[in-house]
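Mind looking over this structure? Questions follow.
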Amino acid sequence: MSFTVGKGQLEEPVELLRIALDERVFVKLKGDRELVGTLHAYDQHLNLIISDAEETLQKAELDEETYEQIVRQERRKLQLVYVRGDTVFLVSPLLRHTGTFL
Amino acid sequence: MLSGEQSSASGPGSTAGEYEGQAPATRTPTHFLRKVLGRPVVVKLNNGTEYRGTLVCLDGYLNIVLENSAEFLNGELKRRYGDTLLRGSNVLYVGTIPD
Amino acid sequence: MSDALVDDLDKRVLVYLRDGRFFLGYLRSFDQYGNLTLEDATERVVVNDEAFADIPRGLQVFRGENVVLFGAVDSEQRELEFLRKLRRVTEEEIRRMEQAVAEDHAALRRRERLEWPAFDDGAL
Amino acid sequence: MFFTAILRTLIGEDITVELKNDLSIRGRLEAVDQYLNVRLAQVQVHTAAAPPVLQLLHGSCTVRGSCIRYIHLPVEKVDTELLQEATRRVAAATKETQTMK
Amino acid sequence: MAAHANQPSLYPLELVDAAVGTRVWIILRGAREFCGILRGFDEYVNLFLEDVDEYTYSEEGIEKQHIAQMFLNGSQICVLAAAPTLDGSQQLGCAYVPSSTT
């Protein structure tokens, strides 16, 4: 299949990452995980290497006493990580955000 | 969320006619994707998350770049993005939305 | 990589599967897909980090995609430490304990559902 | 193959492999293959809730690439500038082979 | 497997081809169904559909969304059939089993 057509400088979707190298990116991962960090390397599987990242993990937990479901956010810092591409849902360069970032 | 667009069922390029045997080249899924480049689309992922934005480009793996996009879960706006790259392996469908 | 794996051949190894099960045995062969064969294999079932049972499985072949990791375990000291911390029980006993844990979980989930009907997103 | 090459530059360094089942394993990187399967020496499992059976591991351990979520890399051993340059080079080369087809 | 030597065999994709131009019913993995006019398909059974209704089933009920034209990824398709008839002999949603009953 080859229906790669684009406008402007982007010919391949993954080229968005080339433009985003050395920039802050937002990454959404499987399992309600999100990362914000600086992108240093990528490949066509969306394997990534990211530094100075903050990871946010949404956890739905069950309160042992009231049996209510609570959504808890866990945050941690990742200095330098390789991120396996198959867990990636989306990558978005933060500098190119035009709208409000909720 | 999407109401009152029943009349737009036959979009651009869809001409009236009969289909016999092999679908004409203008009717292939690939042709549709080429045609919606630069137009507003809705991309739904396998987990139910929807992204609405302008289709900038895509490749054979269905990796997609959207411009000025917004993320919806269960019809609720979650987040806005400038440019965003969606990984093709999670894409369920790409649909048109009215301009 | 395969050069490195040759080091593990004929050693006693631990295989950890994607479904969370553990097998111990002698690694007799592997291939480029990561498929493994273990001779004299036992499945080690652990419940609540307090009791375990070794279930004889004989010769086992594992499909590579189901293997999370494997590695050599020939250290008597590690095995002794393990035996100090966990009590060895029979297969029947460990299955009873597993059953009890599963029922506790099911009860908790039933309560959860009464309070909060969970949204089923199917695809995940 | 590009990421295999990147990780191979770290052979001999201590890294932490975080699996998709939340398990974290630390060890010295011994080998990496094209599927990004990883072999670690002197492994230590240090997730609090890790199954006790994993404490039996002694010496080297092979982790399947597809089960990995993150690999935590040693900051001081990676030149991020170089990495970006290499990424740009690989991207350009990939594009060239695509246009040739 | 083949019915009879003299009988022409019908390949699955020929059946899909025969459905081009008609309204079809697509059941996906997960609690999702589509009903729309099949305009074309490719070797992966990715579909080009028009005038599509998407039905999402959950414990809260059925959610319906209309999409004028869409590309549907073939990898998630379980069943492709003729659209349900108006007399109700076939019903959308009949393949959906709520998770709470399992």
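Per-chain residue numbering starts at 1, and chain names A, B, C, D and E are given in the order in which the chains are listed.
FYI, contacts are C-beta pairs under 8 Å (C-beta built on N, C-alpha and C of every residue); 3 or more make two chains touch, one makes a residue touch a chain.
Being a predicted model, the structure only gives us computed values, none of them experimental.
Each step here moves to a touching chain, and the least such steps from chain C to chain D number 1. Ranked by how close its mean Cα position lies to the mean of all protein Cα atoms, the top chain is A. With chains reduced to the mean position of their C-alpha atoms, the one farthest from chain C is B. Chain centres here are Cα averages; for chain A and chain E they lie 33 Å apart. Between the Cα centres of chain A and chain B there is a gap of 22 Å.
Per-chain Cα centroids separate chain C from chain E by 40 Å. In chain A, the residues that touch at least two other chains are 1, 11-12, 14, 86. Among all residues of chain D, those that touch two or more other chains are 66. For chain E, residues touching at least two other chains, in rising order: 30, 32, 42, 76.
Contact residues of chain A toward chain D in the complex are 11-12, 14-15, 18, 21-22, 29-31, 38, 40-44, 47, 49, 51, 78-84, 86-87. Listed in rising order, the residues of chain A touching chain B in the complex are 1-8, 10-14, 16-17, 26, 46, 85-86, 88-93, 95-102. Residue ranges of chain D in contact with chain C, taken from their complex: 19, 21, 25, 30-33, 37, 39, 43, 51-64, 66-67. Interface residues of chain B facing chain A in the complex, by the touch rule stated above, are 30, 33-34, 37-38, 45, 47, 49, 51, 56-60, 63-65, 68, 70, 77-87, 89-90. Here chain B touches chain E in the complex through residues 1-3, 5-6, 8-11, 14, 18-19, 21-24, 27-33, 36, 42, 46, 48, 62, 75, 91-98, going by the rule given at the top.
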